[in-house]
Amino acid sequence: MSDMLELVGLVVDLPGPGGAVRVVDGVSFDIPPATTVGLIGESGSGKTMTANAIIGLLPDGATTGGALCWRGDDLLRVDRRRRRRVRGREIAMIFQDPLAALNPTQTIARQVGEILRRDGLDRDEVRRRVVDLLDRAGIPEPARRLNNYPHEFSGGMRQRAMIALALAGNPALLLADEPTTALDVTVQARILRLLRTIQESEGLAMLLVSHDLRVVAHVAHQVVVMYAGRVAERGPTATVLRRPAHPYTRALVDSVPAIRTRTALAHPLPGTPATPANRPAGCAFHPRCPLARERCRTEQPAVRSVAPDHWTACHFAEEIADRV
Amino acid sequence: MIRVIVKRLLVGVLVMWGAASLIFLIVRVAPGDPATILLGPDADPAQIAELTTRLGLDQPKLTQYVHFLADVARFDFGESYRLGRPAMSEVLTRLPATAELMLTSTAIAVVFGVTLGLLAGARPGRMVDRVVSASTIALQSFPTFWVGIMLILVFALWLGVLPSADAGTPAHLVLPAVTLALPFTATVARLTRTSVAETMREPYIQTARSKGLTEPQVLLGHALRNSLIPVVTIVGLHMGGLMGGAVIVENVFAWPGLGSLIVDAVAGRDYEVVQAATFLIAGIVMLFNLVADLLYSRLDPRIKLDTVS
Amino acid sequence: MFRALRSRALTAMIILAPAALAGCTDASTGSGSGSGSGEITVAGTYPIESLDPHGPQGGGTGTQLAARELFSRLVRPKADGTLEGDLATAWKPDATATQWTFTLREGVKFSDGKAVTGADVAASFKRLIDNKGTNAANFPGYTMTATSDSEVVLKATKPDAAVPGKLATFYVVPASVATTDAAFFQKPVGSGPFTVEKFTPSQTLTLVPNKNYYAGAPKVTRVTIRKMPELAARLTALRTGEADVVWGIPDDQLGQMQSDSKLTVETVPSTAVFTMWFNSSTPALREAAVRRALWQAVDFQTIVKQLYPQTGGLADAPVSPITLGYVAQQPVTYDPNAAKAALTAAGFDFSKKLRLQFANAEFRQFNQAVVSDLAKIGVQVDLLEKEQAVFTKDLLALNWDINFQQLSNPTFDAANTLGRLYPCAAKRNGYCNPQLDQLLSAAGSSPDQAERVKLYGQASQIIWQDAVGMFPMAVKYAYAWNKRLEGFTPDPNGLPDFSTAQVRGS
Amino acid sequence: MRRIPYLVLALYALVGGLGPLLIEYDPVPTSLPDRLRPPGSDVSYGTAWLGTDALGRDVLAQVVYGARTSVIIGICTVALACLIGVAVGTAAGYFRGWLDTVLARGIDILLAFPAILLTIVIAGAFERSVLLVVTALSATAWISFARVTRGIALSLRERPWVDAARVLGVPRPAILVRHILPFTIGPVVALATLEFALVVLAEAGLSFLGIGLPNSAVSWGQTIANGKQYLETAWWISALPGIALSVLIVNIGILGDQLTARYGRGHLR
Amino acid sequence: MSETLLKVRDLRVSFGRRPGPPWRRATTREFVAVDGVSLDVGPDETVGLVGESGSGKTTVARAVVGLVRPDSGTVTVDGHRLGPVGQRPAALQRAVQMVFQDPRSSLNPRMTVAAIVGEAWRTHPVSAPAGDRTAALHRLLDDVGLDASVARQHAGELSGGQCQRVSIARALAVKPRLLVCDEAVSALDVSVQAQILRLLVDLRASHRLSMLFISHDLGVVHQIADRIAVMRSGVLVEQGPAGEVLVAPRHEYTQALVGAALELNTES
């Protein structure tokens, strides 16, 4: 039984006004143990829905397909009890907005320790563990902050509390959905550092969902790029960012403004990101793609390997280095 | 905190002044005066004139108003000319009956309303929700006085199990309290439903679920308290509306409370009683509003009272 | 509830009243002695706000009912309207009926054991006048002096033959009671058949027998008068045994009471008469012919039979049969065609609407029926239901064309109705007739009772024939009580006395 | 399913509008021999399908004419209240300042009494008329409109598009008309529906208490009140108009809910 | 014409004081959002204003366009002192325009694009095109990279990028001298953000615009600003040429800011 999470052709359909919308369309990748995988994409790319599918918290009416293999089970098919046992204790999640994600009317200690209390630990033990968790999450003087409410914490501290809460169940896989988007730059750097430290010291597997390439580049060992509900490219972070094998990745990399140099932004990608609700036929990216040709309009490219561990969903990946 | 309460009370005084003035204006502008009523159709003009002077009603309205304000400031609402007793003490003797009715109704409404709202709001759109929503619309729509009459017809006249009117024993309380509670139950249920449904969409509910909690654990452990915060507030704010409902219900069931007193006093141009009763009610309503706000800040640690405007 | 406020109109001794009401006591023979037994509960229609018979509510029905049980009067009316002595054993006027001498009963004691003296009576009268309560206006400038412990003399400012009747609402309290004394009237001391055990204003009054009552303590052990303003509640309470006596029952409910074998139902003639004045100062109604024709146009016989089959009877005089001064008149027969013809002949303007005002929801149906009949011959009437306050104001201002009132007469003396309301100077209905004035004045000041009746009969005839108003119905009060109650006598003005009642088998 | 309220309301409008043409009814004539007859009885003027009241008048006709009274009073009141409330609320919410302070205090004062109480005091104090009832009901009904529109205006004035218009120099009246008012329409329509229901209920309540409406007006509340003392013998007088009233209010309630769901409850509470 | 177009001097803005009776004013707590900020923007110059949330940069922007009333300090354009919106002479009112952060709520969703631009022209007839307005509108839309067909669409139907382009078109319609961009690209997807940045850079040149460009993203600011001013807690801590401030920051806060900012090419 491996501690690897493997997504095999994951499909998520959400009910919409005009019928079901396939927001995640055949996504496959894996999260090896003690590895951070960055999941990147723009709005409507399906990245958050993928994370929600993994933790099993899809909106009412959502249906799934494919498989989520975890410790020998397909999480999409196990019974509810098992699913619940996995949640929090094997796979935990950190949310985007820590203020909203923490219950405003309960103290930090109560929320962080809830899972421990439910496991039947006595009060002193819970308290001891919570102090330890907050300490590991980098909250100074944790014992003194136990009875604080979330709104009494700063944004960074809240996210640390959220991390402590996620670690409480001693999970093997941590899902982090845009963990720093709501934070200021200086705080963001510290939280990312903390996440990396924890991931390394606890030997966790981590899925970092973000729209910000820079965040992913900073933390993730591997990157999965999503576009309109599908995987566009995946591979080791350095490789993908330096030598993208998909024109979309290429464009993303080029769009990121550098701080110390003025890049030209000479040829921004035209158009707006496709959404699952109106996904173009063939390659979803073709209307914006500088390499697009007839085949792209009709034939959806398969995800194929261009190098060991490096996969792309582009018919013409080989031309990218030359053309773009 | 204390400072804020004091400030709220000061604003309250301002509002009470306005409320008292408004009622003063309405009843004094209205046609018909106490002197003619008191003396009846057989009085001669001299008698009426004398009584008018004695009651101070011959003075300019403005002078009357100034006297009135001065009296109110001393919490003196004058004597009811009809009853020959201090108006406020008369009002206060009627208050317990109304309070009994309202508190019973509130208890019924909160217990049933919150339960129904919770069941419906936990799973919006499901069968339970639809049934609860439909029945609450119906309960809110039936006119109180008619429901009261129909309850009398069924339980007092046809089945003969409950008394139809009057007060005294717990059995007498049942029909009026239920009548008053029905629409209020619906209101509480709808509020709770909305609030629970909204709370269940909050990100922290996802957090709770991500801990592996069961749905009942999430609902009771995380959603209930938070969704009850606005409900508590609005129940407090609804006390005014409930008092209004009590006016009608008291009349249907001959419940000897403030409501029937006021209706009689208005018709009888008993200025003092109308003023004292409305003043008292305004004070109680404001007090409930203040309590609701205080409770809100107690229940929700985020709220500091000073930010509640 | 929305029942308009009752006028506390005893001032000038008229009660405007919904079906159950004020009036005077029926005298009774307080037979036997020894303590009564058994408790009774009375379902009171109107709240008892105060026990002070001289206070602002002195004329109110509730207070009158309570006063009847707690205090004694000089004289009191019997069920047939004639007066009998209560505290007084004899009374007589001087030759001009300006000075009345009352001989007091010997040995009457207050409930605290002190004797009732002439001083108490005179002081009570002064208290009544000083309080300027609703009843005081009956005695403008009158004074009373105690000539001895057992005699008082009342001096009127002008000849007043109706003095005994007017005194039917004058109650005697101890001389020591101050003009305002709220504490005393919470648990007053009186010389009536009962004393107060507990009094909650406007809710309940609990009475226990007065052991010192001169006619012997009542046989019931306790009387609880509980306010039940709702008719349905009163009737339900009666049928469940929660209450023992209920009165003022409308016809529509009477049948059910009668079919209940546990109950005794009786109706009793009252002093009240439905009175529908025409405003004779209105140009359209100035002519007696027009007024008579309008009266003729309404089928009062049918209306009364349908709406008040048991509690109403077609009236045959402006005052009720139990009133001093009652003389039957020629009935007005229903004849719409003749009415229409007479109106046309008199040049009546059918396009103008007449304003019919009344003040109490319970008379709505009756008035609607009247309006309906008038409409049948083409007379348009605006039916105006007014709040009591507005009604009274408009009534006095003659701001109406037809006015509906239920006129009661707690003095049982036509002086109080005919003598007071119909002279020109009263300006109550726009009618003015010097000949009538003369008759009324003579009737009011004559010490001879037979003479008075004759004179009031002549006055009634003028009023009737000139159709100063329509007099459609004499009112009866319907009483229902539990059969376990014996010796209970219905009262003509809705103010029954419980001192003669007793619970069977107890 | 969603259509039902529309159908029912259309039926009421039809009955209220056309019914009086088909059924003749005048509250003045009474027919005493026909009093208190049960539904379906033959009476002197035809068949009383819903029975007769204590004066022998047709209950069905009273239900039909009562519908008209209710609807007319409801519409007049809501229109008046809406006009005042929207104008005051929008202006106060957008301009803030003293206007808002005065409005807020004024509303506080009016809210210090239960609405029905103030209505009773006003309607009970003056001479009965339809206008009085409309005035008395409007005296409190406008508050909801003012509060809702004030809330909307308050939130809208913080929207960037309003800021943009201000930065552009668009005159204030134009901003109100173009950028604020259009957004109040949806919630105001939804609110007007619910208020209509409340007003009809309140009017019936007033008539039931015998306050406000003159005798010449036919109203459900009056009919129900008139029937109260005949509950045991002639239940139909109170019961049937009450059902008519309830069905109307239920359907308005459903419609109001639909509209509220569409236009956002957030604005309304 | 003076050397600098926009001059902000000793600007101080505080919140918490509301219009209302004095006894209410006293009890609300005051919060100073901007404290003594002085800032210049020259003709054709773009000044970037950076800082973390709560630093007061947005307040400076709103004070410049007149949406908030400063407690003290002055804002002048071309030497003319600017009051709050609505109290500025028409010419000065249109001289300073603004683009807001949230693309969707920047436009009245019930209005068509044509109506939105039309409102600008109607408000300032001076800036309205002389001839065929439809043609002028299409030209304007073309300028901001929008298809003419967009004119008939309601703002609610447009994508975020399109909305932001319409916002820019609305601002440009009245021929402003200074464009204040408050986080104008922050809410956009990164690929669209690049498009809008590119557009702003192009328009700045073609329309001879000065810009006050506010952003929390140092990278974005660097792409467009000639000079950069750094704010922290309502105070300006450093300003200078873009390259200097970002490459060799002098103030320690700027250093921390630059140090914490992530670069794509910094390998862990």
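A, B, C, D and E label the chains in the order they appear, each numbered from 1.
Quick note on the criterion: contacts are C-beta pairs under 8 Å (C-beta built on N, C-alpha and C of every residue); 3 or more make two chains touch, one makes a residue touch a chain.
This one's a predicted model, so the numbers in the text were calculated from it and none came from an experiment.
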{"item": "Chain hops separating chain E from chain D, counting only touching neighbours", "value": "1"}
{"item": "Innermost chain by mean C-alpha position", "value": "B"}
{"item": "Maximum centroid distance from chain C, chain identifier (CA atoms)", "value": "A"}
{"item": "Inter-chain centre distance, chain A versus chain D - centres from mean C-alpha coordinates, in Å", "value": "54"}
{"item": "Geometric centre distance via CA averages, chain D-chain C, whole Å", "value": "44"}
{"item": "Whole-Å separation of chain centres (CA-atom averages), chain A against chain E", "value": "33"}
{"item": "Rounded Å distance between chain A and chain C, as computed from the means of their C-alpha atoms", "value": "91"}
{"item": "Residue list for chain C, restricted to those that touch at least two other chains", "value": "1-2, 232, 387, 390"}
{"item": "Where chain A touches two or more other chains, by residue", "value": "none"}
{"item": "Interface hub residues of chain B, defined as touching at least two other chains", "value": "31, 152, 251, 263, 267"}
{"item": "Chain B residues within the chain A interface of the complex", "value": "125, 202-204, 206-214, 217, 221-222, 225-226, 229, 299-302"}
{"item": "Chain D-facing residues of chain C, complex", "value": "1-2, 231-232, 250, 252-253, 256, 302-303, 306-307, 361, 364-365, 368-369, 371-372, 375-376, 382-387, 390"}
{"item": "Chain E-touching residues of chain A, taken from the complex the two chains share", "value": "42-43, 184-186, 188-190, 192, 211-215, 217-218, 238, 241, 251-263, 265-266, 268-270, 272-273, 288"}
{"item": "Residues of chain B defined as touching chain D within the complex", "value": "11, 14-16, 18-19, 22-23, 26-27, 29-31, 133, 137-138, 140-146, 149-150, 152-153, 157, 194, 240-245, 247-248, 251, 262-263, 266-267, 274, 278, 281-282, 285-286"}
{"item": "Touching residues on chain E, where the partner in the complex is chain A", "value": "52-53, 159-162, 189-195, 197-198, 201, 216-220, 222-223, 242-243, 246-247, 256-268"}
